[in-house]
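In the two complexes that follow, chain A is the common piece, with chain B as its partner first and chain C second.
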Partner chain A sequence: MTSPTTAPPAPRGRVPGALAALGRGGAPTVALLLALIFAVIATQNPSFFEGPPLMAFAKKAAPLVILAIGQYLVIVSGEFDLSVGSLVGAQVVIAARLIDGEEAMTLPVIGVMLAFGLLVGLVNGLVTTLLRVPSIITTLGTMLILFGAVRYWTGGAPTGALSEAFRVPGRGGVEDLPFLGQLPWALVIAAVIAVAGVLLMRSPYGRSLIATGDNDVAAAFSGVRVWRVRTLAFVGSSLLATVAAVLIGGYAGVTAQVGQGLEFTAITAVVLGGVVLGGGRGTVVAAVLGAVTVEALFTLFNQLYLPSTIQPTVQGVIIIAAVAYAARRGDLRLPERLRRRPDHPTERPLGTSRR
Partner chain B sequence: MTASPPPGPASPAPPPPAPAEPLLRMRGITKSFLGVRVLHGIDLDLYPGEVHALVGENGAGKSTLMKVLAGVHRADSGTVELAGSRVSFEHPVQAQRAGVATVFQEFNLLPERTVAENVFLGREPRRRGLVDGRAMERATAALLADLDLEGIAPWTRVRSLSVAEQQIVEIVKALSHDARIISMDEPTAALADHEVEVLYRIIGRLRERGVAVLYVSHRMKEIFDLAATITVLKDGDLVETVPAEGIGPAELVRRMVGRPVSSVFPERLEPRGDRVGEVRLSVRGGGNSQLDGIGFEVRGGEILGLGGLQGSGRTEVAHALFGIARFTRGEVAVDGRRIDPRSPRRAVRAGLVLVTEDRKAQGLALNQSVTANGRLVLDAVLPFGSARRVRRLPGILSSLELVTRGGNDQEVRYLSGGNQQKVVLAKWLATEPGVIVLDEPTRGIDVGAKQAVYRLMRELAASGAAIVLISSELPELIGMADRLVVLADGRIAGELPGGSTEEAVMAMATGSHGDPRADAPAAGDPRAAAPLSGGAAAGPRSGDGAGRAAGPGRRPENDLGSGPPPGAVRHTDSGSGPGPDSGGGSPARHEEAAP
Partner chain C sequence: MRVPRVLLAGAAGLTLMLTACTTDAPEDGAAGEEGGSELAPSEEWFDQAEYDAQLAQREITPEGPEDEPWMQAIEPEWIDTSEFAHDSPEDATLCFSNASVSNPWRVTGFITMEQQVEALQEEGAIGDFRVSDAADDDNQQISDIQAFVDSGDCDAIIISPSTTATLTPAVETACESGVPVVVFDRGVNSDCMVTFIHPIGGYAYGADAAEFLVDNLEPGSNVLALRILPGVDVLEHRWAAAQEIFGASELNVVADEFTEGDGARIKDLVSQHLQRGEIDGIWMDAGDGAVAGLEAFEDAGQPYPVIAGEDELSFMRKWDEEGLTAIAPVYSNFQWRTPVLAASMILAGEEVPSEWILPQAPITQDELPEYLERNADMPSLHYAKFGGEDLPGFPEAWTDR
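Here is the complex of A and B:
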C-alpha cells in the first residue's frame, strides 16, 4: 500500500503495544487517508504502482520525509522550527557557490554544510532555551536572517554550479533492478533516517525529549536537562534540513526559490500525522506518513492538472483541519496550559518572588 | 452573551421557605462513560440554607454528580427538580441562569483581567453599546461588600491576588448569577489553613441568605464544621445520607472506604536494612535568600517530620536539598559525603529524591504512559545500565497496589489522583534512593491511597532509607514522624519528639511562646513585597485595610515587618468562630485538628 519509506520496522514482538502507539499518534487515520489518495491516483494513472513511477515518487517525497522527521523532533519537544525552508535554500546556494563545478570540492563542501547546519541548530536551540525567546520567534528570526544573508552574499541570484557527485544522492540510485528499475539513494537515506528516528525516540534521549514536550517542569524535576534536550532537537532539525538540502539540490538544481515555504510543508506534514502542536505526543512514523501523504496529495493535484499555486492554500486547510480534529479529540495541549491556575505558586519561575 | 443588566447583587434573599421542601431534588441519577457506569441511581436533596457535604473516595462519583448538576454532563437517566419543577440542563450556562452555580477545583479566571471583568465575563453591563466599566465595578463591589470582603478591590488584576482571594473571586462570580445553589469541589485544596477561615465565613453568609451549598471535600474537619447533612458515595453507589450529628469521623471514614480503617497510621516495622541508624542526610547551617541556619540530621530507618505554617520554609528546604533553589550557605551531606545539589540531577545522583507537592505540574508528564513516567528519571539521569532498574519497575508499581484498567501503557492523565501519586512514587523508588523527601505526599488523594503511602513510608524506613516528611496535616505529621523539626520564617524554631501534641507543634510554629518574628522582619522573604503592592491596590481606594480579610494571615504578618500603621493591619477574621489571635501577629491556624 505504501512506499517503503513509510514502513519502518515494527517494534519487535509487541504488536498490540505498537498498534496502541500508532493509535495515539493518529497514524492509522493518516494511513487511511494516504491509502485513499493512492487509490484515487491509481484510478487516474493505473501505471503509478509499477516500479519506476513509484520510485520517482519516493525520490521526490524523500526530502520532505527527512524534513518532517526533523520538524517532529522539535515539535514533540514543545517548540517550532520555522527556519528549515530558508536553511535548505541557503545550503543549496552555499553548495553551488563553493563547489562551483569542481568535483574534488564535493565532500569538503558537504562537510561545511553540515557544520553550518549544526551552527544554525545550536543558535536556534540556545537562543530559545537559554535566552528564553519563544521558538516561533527565534526561528522566524533565523529564517529571515538566512534568507537575507544568502541574497546579500550572492547579489540576488545564485552563482556557481553543483558538481556531478553532489547530485548523485538526489538523482541517482541503484540501477537496473528488476521491477523497480532504479532504487533511489534518496529513498534509502530517508528510510535509514526514519529507522534511526524511531530508534532514537525509544532511547533515553527520545523519552526525555517527549517528556519535556509534555511537561517541562516535571521533566526538569526528574533530572532532565531540558535546555540540552531541546537544543539537541533543534540541532537535529537543522542537520536533517542540511541532508534534505543535498537531496533537493541534487534533484532540482540551484534556483533562487529553492527551499521556499518548505518549513510550512514540513509542519503541515507533521501536523497531518497527528503530532500535536505543543509537544508530548505523536510518533516518528506518524510524521513520516504525514509527509508521504502531503507529497501524494501534491502528486494527485498534478495528475488532475490543478495549478501548483494552489498548494499553499491546501496546506493551510490541512493545518487548520488537522489541529481542529486533534482539539475535538481533546488531544490539544495548548489550551490546557492556558487554563493552569493563574499565579499558582508553581507557575512562577523557581526562586522568584510573587510579582 | 446577552446584554441584560447584571442581576442586582444586594437583593436580600427571601426568608428561606420551610425546610420541608427541598430546593433541589435529584432522583435515580445514572451516568455511564464508555459503558462504565460511574453513577448508579443517586438520590440527592438540597435544602435552602443548608450545607450538604458529598464525600467518598476518589473515583466514587462525586465530581461526576456535581457535573451533572452543573450541566457539564447529562445524566443517562433520572430526574432533577429545581424548586418543584423538573429541569434538564444541557449546558453550564443554562444551569447558571437557573441559579445553579459551581466552583470547580481548577480556577477559570483570566489572570490579566480585573476582578470585575472576571465576575461579569461574557455578560458585561453595557451603556450605548460599550461596556460600562463603572457599573461593573460598582456591582462587583456590592457583591463583595455583601460578603464583608471590601478588601478586594474590583479593579485589581486577578494575577496579583493570592490563591485564596482568587478562590473568593470564583465564588463571587458564582453568586453574581443570583445562585440559589452553589456547589464547591474541594474549595480548600489550594488554601492555607488560615485562609480556610475566610471560606468558612463566606459559607456562613451564603447559608444565612438561604443558598443551598453542596460541598465536596476530603477533609473531615471541614465536613463536620460546615455540613448539616452528609451524603456518602462509594463506587458510584449511594451509600447513605445522614445528618452530620449522627455520625463521627471514624464511622464516616469506615462507610466511605467500606471497611474499617483499623488504625489510621500503620505501626512501625522491624528495621532490617543494614543502613538503619547511620546518619544518611545531614544539613548544617543551610541558608539562602529565604532560609537561614537550617540544620538537622536524618538517620536510616527514621522518618523526620518537617512542620511549620504555610510559607515557613518547609517546601523551600525541600527544594534546596533537591537542587531546585540552592542553598547559598552551609553544607549538605548524604551518607557522609558532602554534596552540592545544584540541580535535581545531582541530587538524584547523590541518592536524594524529592516527591514534589504539586503532582500534575511538577511530578508527571500527563500524556505519557505509566511506564514512560516511571522510567523517566532513569532515562534522564542514569541512561546507561538502567535496564536492570527499568525491569524492576513493574514490580514496584504492583507493590504500590497500582491497578489500572489499561495496564502500564495507560496514559497517566486518565488515572485518579491516588494512582497518579503512586506513579510518582514509583518513579523515584526506581532510582533506589537513600534519602527520600516527601512534600505533601497525601494531598488530594483518597483514604485508601493514603494508607498505601503510609505503609510504603514505613516499609522504606524499615529497609534503611532516611525519610523527610512535609505535611500540612498535623495528625499525619505527628502520626508518621519519629521526630519533628518545626520551621518558622525560614529558620528552625525547634525540635519535638514524635507523638507530640498538635498544640505543642502549633505553639512552636507560631512562635507564641516567644516572639521570634519581632526581630525577623522577613527581609529575605520574597513575599515581603506582596503586601506592599497588594495593600497599595486595596488601600488608597477602598481607604480601609480592615476588610482585607482575604489577605491571608501571612500578609499581615509581613505587614508587621514592613510597617504600615497598625490600623491597617487589623485584618483579622475577628468574631468568626475559632478566630485567630491577631495580637501576636501569628496567623490563625486552628484547622487540621484531628477529627
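Here is the complex of A and C:
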C-alpha cells in the first residue's frame, strides 16, 4: 500500500463516538460496493438470492469474516498480522493429524488448537511489543516458521483425517428451515463473533486499542499499557484464526493447500472496509463488510467466467480504486509513525486542500 | 486539478469491473450455453504425435515381471552401461536431487523410494544415499545438483527435476561430471542421462479420465473440468488430451476452473456451478480435493456426478462408500522405486532401457475392492498404486509418516 505516503497529512481527527466512526470508517462505501457487486451477481445468476445459494455463500464467507475481525483488531492497533494464513494451514494439519478420524478426539484437539493459537498470538504480541521487532517482520517470521515447521512435522503434506464431529461447525447447520433450507453454523458463529467484536470495541479495552493505534505515545501518557493492549490484539487475531481454521477444515476437509494466501485476503478485506493501515480508525462492521465484499467479488468472478488467471489483477485494481476513493473522502491518512514527525503546519505540501 | 484525477482513478477501477460484465454477458447469451469451455487444445501444450503415441502405449503389454510394475518397461531399448560398473557397489554413494515433497503424491513416492534404498542397502547393491530437497525452487535445485557434482562423492546422481527447461543445463552439468545420471518423473530437454524414467504420461492420464466420462454419460450432459494450475506441462497435457476427446464428443463442458488443489475453493466452485444448472460429470487433472467437490453435491442435495478422480485413497474410499460411477486415473506412484533400482543396475553394469516407460493403468470399478483392501491401513492422502507392499518397513513407514 503506497497510498499513505502520497496522501496529504490529514488534520488530527478524533473519533467522537461509535456512530460517527461508523459513518467515517468506510462502512457506507464498502456497503455500496457490496450492493453493486450483488446487483451484478443477480443479473448473472438470479437464483443466487434464493435461500440455499445465499446460505452456501454465507458458509463460504464466514471464515474470512472471522479472520478479518481478527486482522482488524491488529490493524486498528497500528500493527499487521501476516501469520494468520500459515496459522490456519497449520491448525487444520494439526487437527487432521491428531484426530486421525477418531470422533472422541474432536473436543480435546480443538482445545489443543486453541492453546496453540493462544501461544502463537502471545509470541507475535510479545516479540512485537517487548522486543520491539516491527510486527510486519515478527509475523512474517511466524508465518515462515509455522509453514516450515508443519512441513517438517508432516514430511511435506498433511496426513490423518478429520472426524465427522469436527466438520459440523464448518459444514453443518440447522436443517430444513423454510426458504433458507439450512442455516449454517458457520454463519451463526461469524455473527456471534461480529457482535462480540462490536461490543469489545465499545468497551474500555476497545477504546484503548483505537487510542493506541491512533497515537501510541499519547495513549501511553494517558495510562494505556500499550504493550498489553497490542499483545491482546495479536492473541485475539490468532484465536480467531483458529476458529476460522475449524470452519475451513470443516467446510472442505484437509488438503495440502489449505490456508495459503489467506493473510492477504484478510488484509484486503480489512482495507476494503476502510480500516486504515497504520491504525486508529475503522470499525468492526466495516471489516466484516469488507470480508463479505471480497468473497462476493470472488463469487462474481466465477459467475462471469472470468479466467481465474486474471482474477488477482482485477482484485488489485479494485482495491487500489477503493483506497483511492477513501483517500478522496478523507478517510485515509498517514500511518501514525510517519505522520507524527512532520507536524509543523508549514511543512505541509501546498495546494492540497482537503475538500 | 487534483480532484478529478483521484476520482478518475476510482472511476477507472469500477469501469474496468463493469466493462468486464457488459462484454461477457452478451457472449454468454450468444453462445446459447452458459460460459462453456475452449475445447481446442492450445498448440503450446498439444503434440499430436506424442498424444497418439501415449494413447497407443496404454494398449502395449510391457516387458518385465507382471507382479512388479515398477520393473516393467514399455517397448524398452536396452543400452549397455558396463562403463559405469562400480567395483564395490556396497560402497557406492547414491545422490538424489528432489524437486520437492510439497504434495501428498510426492510424499508417498519419496517414502517408497527411501524404503527401496533400505532394501538395496541390505542387499549390498548400493551404499550411502544422500538427498537434497529443493522445495520447488529451480535455483535451489540447480545449486543442489552443482553441490553434488562439486563434492565428487556421488557415484550416481538421480534427479527429479522441478521444471523442464530451467533444469536442463543443470542435468547436463551432472552428465558431464562423468557419473551416471538417472532422471525421473518430469523430463528435461536433453538425452545425456543414462535413463529417463516416467510413466506413460499426461495425455494418457487425461484421456483415461475423459474417455470414461464420454462412455458413461448421455450425450449433451454437462461436464465441469477442475484443474490445479495453468502452465505446468504434466497437468497441461492432461487437459489437452481431455480437450481433444471432449471436443470430439457430444458432452457439454460447462467450464474449466483452476483450483490450486484447494478443497475450499473446489467446494465453492462446484457449489456455484450447481446453483446455475446440473453438473453430470466431473473431470479432474489430479484427484486432490475430489472429495470436497463431491461434498458440494451432497450439500446441494444433488445426485453424485460421474467422476474421474485419482488413485488417492480419500477419493477411492468415498467412491466405494457412496457407490459412485467413477474411475481413478493413475500417475504411477511406484515410479519412485524405479530410479534407485535403475541406479543399482547401472552400478552393477547391467543393461537398462534408455527411456524407461512404466505402465500407467487407471483403477476401474472392478479393481477398486482389491486396491482398497491392499491399502486398508493407509492414511487418506496416500496413493493406492504406491507399489511398496514388498519393501522393508511395510506398512509402518507409510502409515506413520
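Just so it is clear, the second predicted complex is superposed on the first by the 288 of 355 C-alpha atoms of A that agree within 3 Å, B and C clash if a C-alpha of one lies under 4 Å from a C-alpha of the other, contacts with A are read in each partner's own complex, and residues count from 1 in each chain.
By definition in this document, a contact is a pair of C-beta atoms (placed from the backbone, for glycine too) under 8 Å apart; a residue touches a chain by one contact, two chains touch by 3 or more.
The model shown is predicted, which means the values in this text are computed figures rather than measured ones.
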| item | value |
| --- | --- |
| Touching partner for A:Gly280 - first (chain B), second (chain C), both, neither | first |
| First, second, both or neither for A:Leu114, with chain B first and chain C second | neither |
| Partner chain in contact with A:Leu122 - chain B first, chain C second, else both or neither | neither |
| Comparing the two partners chain B and chain C, which touches a greater set of residues in chain A | C |
| Touching partner for A:Phe221 - first (chain B), second (chain C), both, neither | first |
| Which superposed partner A:Met105 touches (first chain B, second chain C, both, neither) | neither |
| First, second, both or neither for A:Ile210, with chain B first and chain C second | first |
| Touched partner set for A:Gln303, first chain B, second chain C, both or neither | second |
| Doubly contacted residues of chain A, that is, touched by chain B and again by chain C | 351-352 |
| Interfacial residue positions of chain A with respect to chain B in the complex | 17, 20, 24, 203-205, 207-208, 210-211, 214-215, 217-225, 280-281, 333, 339-347, 350-355 |
| List of chain C residues in touch with chain A within their complex | 2-3, 6-7, 9-10, 12-14, 16-18, 20-21, 24-25, 28, 34-35, 100-104, 106-107, 110-111, 230, 255, 257-258, 260-264, 266-269, 271-272, 275-276, 288-289, 291-292, 295, 299-300, 314, 379-381, 401 |
| Residues of chain A touching chain C in the complex | 36, 40, 43-45, 47-48, 52-53, 56, 60, 151, 154-161, 171, 182, 248, 251-258, 260, 298-299, 302-306, 308-309, 314, 317-318, 320-322, 324-325, 327-328, 351-352 |
| Sites on chain B touched by chain A in the complex | 106-111, 158-161, 163, 166, 190, 289, 319, 322, 324-325, 343-345, 348, 354, 356, 358, 361-368, 372-373, 375-381, 383, 386, 409, 411, 427, 526-527, 529-530, 533 |
